[in-house]
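What follows is subunit A paired twice: with subunit B in the first complex and subunit C in the second.
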Partner chain A sequence: MKRRTVLTGLGGIAASAMVRPAAAATVGVTKTEIKIGNTIPYSGNASSYGVIGKADAAYFQMINDQGGINGRKINFITLDDGYAPAKTVEQVRRLVEQDEVALLFNSLGTANNTAIHKYMNTKKVPQLFVSTGADKWGDPKGFPWTMGWQPSYRTEAQIYAKAILENYAGKKCALIYQNDDFGKDYLGGLQDALGKDFEKHFTKLITYEATDPTVDSQVVALKDSGAEVMVSAAIPKFSAQIIRKAYDIGWKPVHYMSNVSASVGATINPAGPEKAVGVITSAYQKDPTDPEWANDPGMNEWRAFMKKYIPDGDLADGGYSFGFGVSMTMVQVLKQCGDDLSRENIMKQAANIKRLDVPVLLPGVYVSTTPDNFHPIRQMQLTRWTGKTYERFGKVIDAT
Partner chain B sequence: MDAFLHQLFSGIATGGIYASVALALVMIYQATHHVNFAQGEMAMLSTYVALTLIQAGVPYWIAFVLTVGASMIVGIGIQWLVLRPLEKAPVLASVGVFIGMLLMFNSVAGWIFSYTLKPFPSPFGEGPPMLNGLFSRHELGSTGVTLLVLTAVWAFFRFTRLGLAMRAAAFNPISSRLVGVPVAKMLALGWGLAAGIGAVAGMMVAPVVFLDPNMMAGVLLYAFAGALLGGITNPLGAVVGGLLVGVIENLGGAYVVGTELKLSMALVIIVVVLVVKPSGLFGKTLASRV
Partner chain C sequence: MHAHITRFGPLLFIVLAAVLPLAFASGYQLFQLTLVVAYALSVLGLNLVTGYNGQVSLGHGAFYAVGAYVTAIMMDRWDVPYWATLPVSAVVCAVFGFLLGMPALRLGGVYLALTTFALAVAVPQLLKYKLIDGWTGGVQGITIIKPDAPYDLPLTSDQWVYLFSLAVGVLMFALASNLVHGRIGRAMVAIRDQPIAAEAMGIDIARFKTLTFATSAMFTGIGGSLAAIAVQFVSPDSFTVALSVTFFVGMVIGGAASIWGAVFGALFIEFVPNIADHLSKAAPGAIYGVILIAFMFLAPGGIASLLRRWFARLAVK
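Coming up: the complex of A and B.
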């Protein structure tokens, strides 16, 4: 109760700040430069995400080489937080208070962005296009200075619910989810889309803890429930266990799997590629390794960028194309700002993106925002594991 | 009924995992009267060594033997290098060292082998599940290995002079030294054997839970519970305790309290058992005369 009061209060203050003229409030911006901050793990156990930061930096370098935005060059300061939230807080304070950046862009990690969520909103510094799938970044009333980019877990679950309604209406469904914010976003998404009928469709809900050694017992219980459709909101380790155990006990439900676990290396191969045949997940980006995009003009645009700015980068790594797409969105917002680069106007423009087609996203998937919708990407296409690769099927599904 | 049997057998299979790690804990406790918190991480590192050998083309069972051998040498090395200087230090200093090693081994494994989940082969083959899908070949095979290790550990302590000397060295170092037991060597050997058993456990666990640097974090907790439930002084007790924890956790989670509270329920039962019988179900109460 108390927390809600604080949040609405915060929203009120922010809203009143937004209507104020932006005369003095151009922190981080000069006639020739826009300063943008970022934190990302370049070291530690999540350092494989570091390529996104490299792609962001290279993209802004390209924009600067092309003359910048309205005559201003982007000064991109990206710092290593080692994926540790305490370190993120320290680095972000440095960016905001010492370096005086105009905004924070594409910081990575759910726990990391959670750690600075209130700080950014109290300081009224834009925390734009964060790299995490949690749903809480799209809360314009409670946190008007924060916005995500990729489809949230909740959006993804809404899309699965739509697909189930269309193809498997009337069948018994079951959900297994990790007992934390990540798993509960999927529960919430299914409930959003099915409304009062949720309990009619989903007759069995079961949780696991991230510390459980195995989820075999849960899979047995799901089979026992007689469900014919399963949604799993699990990280790769447990998704692999679910796929293997279901196969071993001879249970063959239609399996919608969180795309957090879509990785072939981390989930499908450990489970056994033949055991995963038929598993359905979702995608919104063009997979750089998919032969279908070998001569795609959009992906070629990205490949040309890679060749010039990150010549030693791995062209199979989707992190680079992700960075390309999200940076392109950032540049679009700055272009829309024109000469008014106050933090208020930056947020206002970020919340007014009119259908931006980004070349690295699937056809039919685009970026769009409004003042009440802070979920920039809301479409995905389903994709099915065939035993060797994923194959996209059906039309692009819009969650809204 | 079918579902109940599936839950029961899946509990036994998971319990087998806990039992194999619990055996390593019993070994180190019998040999040194310490509980090594880094046991799980040492086993995880050994498993990475085995995977590296297998990927280099070494046949499974040769890699298995090499890994166990290498782990024993490293275990002995750790005792000589790290724990020997702490021999006269209070117990808390050792606990600090164990926790330090836990963190260190975890980071080293992540640094060298990365945090990506890796599949680990089973020596018992893939093949279709057996007994109407109740047991996979690996679950059956690894349970067999656990029972073999159990028999070996039990026979070692029960029938060999070395085993007796080792127990004596841990129980009363001063008297042992007076009757001619080389206490320092016994402690080092105990560490070596525990590391070897841990390596076996790691290689049996990895095909089930997959290999990553955090593979043992959850398992070790349950293995502790199993060892305490059965009695940490008794290898048979540790195995029975491990299996019981697995079964209680599975059946309780499925039929009694739900998945959110299944670990809590298993731990509550253990606390109750220990209150009634502090040395565990099979443990002997040891009295030391001061």
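Coming up: the complex of A and C.
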């Protein structure tokens, strides 16, 4: 009797293995559930990013309420890492080894994701749509299990280079960048887009250190180079200094500014709103506070979601719309997977998104990937500071 | 009864701490326990200087960072085996602590607390400084490779790193215990409680204070080294001000001026934030705060002193 039970059992396993060969490889997936892990700072200095995790969780709740994906509900486990890389490693190991999630989604922070980069790729667990702008997340050869989502700094720089070629070809250009990974991504992006002509266009390159007290002398040197176009790859504090100093010494170049510094509160106001007039940066998301989107069907879809699932959420906080968009991308990947939710297939489908229009992104900006291109969003539109607000202008520029 | 507990308690604890996790803990749990060992050493370091010697430090995260970076740089740039980095880390941190102990002589109480706090604030930025970023990797930090068990031992890398850390931890705790229970420990406490009387007794206050600072920094630095080996990654953002405050919390909650207190404090700072996160995503900080206050009410002298009172009561019965 016992033996027969065992034999029947074995036969059953063999049979099911023959019918569905991938079944054995579906960690974190059952007939009714897909387990997804996430880390984000809910506490500590960077806890303002926590809204993204809340939006992710709420979005998956909405999908579950609508019946899930192919009959499976999403079990979203999101853990606090306090923005500390050591804690990220700990939480991610818990998610992968103890909770046995199918994949890690939208973990936040450049240092935090760097800390788990090797681990995820050694373990072959998808590390999808991480929230950081570094370019290294799009490296399908070196790290085939990792992918970003938002346009990388490098993509952004490629877009500035295209704009410069189109509008200011032949003018002398200058670049000031922070001497680290972040700044060098911009240098790399400009070089990508301009190729061997890079040195012809950019006659002056200058760096600063994140620990420098000011960049005033660098700005003076840039002016003396006679450049008429300036690209600045700087964080808000230094962007404000660059804008103010250039204005004060009477230098008025066409100024392309890295969009991490687009914040009015952190950059424009400290520099002086009147001194920043004409500064150009870029955007890929619809700004929830922009009156242009007050009646936009896409943003209304997001607002309806907010009303139902995060009724106390601040509708001016772009973190919520970001979470909405990135979660929608995740759901698209899972839908594409069909019944084969092995990690290999999840990665394959993530690298095979055919133009997904996401309602919270600007018109003409969309998500698309290929096995060779792990940069899901590659279009941006330029915006210019008018003295009171940013105004988008020109067409959407595609970096590829 | 009581005598038995003090004599065999630690031994039993060490054996259980070595055997139980190997038998039952998953890789992830071993990783957590390895961090507990690292935190325990760091809290112990802080305890020596603050708990025993009365010099308040809010900057021990800085020594932890130095220890972690020494190990990471040596492993990454010079391919030094992980175990060989510990003595170097100990020496570097002790020297660093000694140098900081000098100005500390002139500052007392809250002023010293603020000075060490300034150190904790400065460290993440100093680590990005351009003159050393060839070594430190600047903002992007250093990724190191996890050591495997030697001699083909049938242990996973997590098990081995845990056992190795535990061995280092036990050794360091034994050293600290000897230190505080001997002549030097009595001098440290005397300086804390009655500096004038201590000086009258012939204790060289300046020398003891600076040496305590150096020893303290060494313990915390070794904690940082062990953490770096376990986490396999260091970056400036890993060592923010919050870390120094966390160690301070661990020391007070565990029990100031108590060797065992460091273990309880380390368990607290490792696991309680996870519990808080589990209870509420909206305000884990608030939950953590409530738990912290509850502990201060229930165990005012720290967990170690609470347990001591319980054991004393048991012994009387």
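As a working rule, the second predicted complex is superposed on the first by the 378 of 400 C-alpha atoms of A that agree within 3 Å, B and C clash if a C-alpha of one lies under 4 Å from a C-alpha of the other, contacts with A are read in each partner's own complex, and residues count from 1 in each chain.
Going forward, contacts are C-beta pairs under 8 Å (C-beta built on N, C-alpha and C of every residue); 3 or more make two chains touch, one makes a residue touch a chain.
These numbers were taken from a predicted model, which means no experiment stands behind them.
Under the clash rule set out above, the superposition-derived model of subunit A with subunit B and subunit C contains a clash between the two partners.
In the superposition on chain A, A:181 makes contact with subunit C only, while subunit B stays out of contact range. Of the two partner chains, subunit B is the only one touched by A:237; subunit C is not. Once the two complexes are laid over each other on the shared chain, residue contacts for A:94 go to subunit C alone; subunit B is not touched. When the shared chain is aligned, no partner comes close enough to touch A:66: not subunit B, not subunit C.
When the two structures are aligned on the shared chain, A:400 is found in touch with neither subunit B nor subunit C.
In the superposition on chain A, A:295 contacts neither subunit B nor subunit C. Using the contact criterion defined above for the overlaid structures, shared-chain residue A:206 touches subunit B, although it does not reach subunit C. Counting the residues of subunit A that each partner touches, subunit B and subunit C differ, and the larger count belongs to C.
Once the two complexes are laid over each other on the shared chain, residue contacts for A:216 go to subunit B alone; subunit C is not touched. Once both structures are placed on chain A, subunit A residues 45, 179, 209, 211 are touched by subunit B and, in the other complex, by subunit C. On the subunit A side of its complex with subunit C, the touching residues are 42-45, 47, 50, 53-54, 57, 78-80, 82-87, 89-90, 93-94, 96-98, 109-112, 114-115, 117-119, 179-182, 209-211. Interface residues of subunit B, counted against subunit A in their complex, comprise 3, 6-7, 10-11, 13-14, 17, 110, 115-119, 126, 129, 133, 136, 208-210, 212-213, 217-219, 221-222, 249-250, 253-254, 259-260, 262-263.
Residues 45-46, 179, 206-209, 211-214, 216-218, 220-221, 223-224, 236-237, 240-241, 248-250, 265-267, 269-270, 272 of subunit A are the ones that touch subunit B when the two sit in their complex.
If you check the complex, the residues on subunit C that touch subunit A are 26-29, 31-32, 35, 125-126, 128-130, 133, 138-141, 143, 227, 231-233, 235-238, 240, 242-243, 273, 276-277, 281-282, 284-285, 288.
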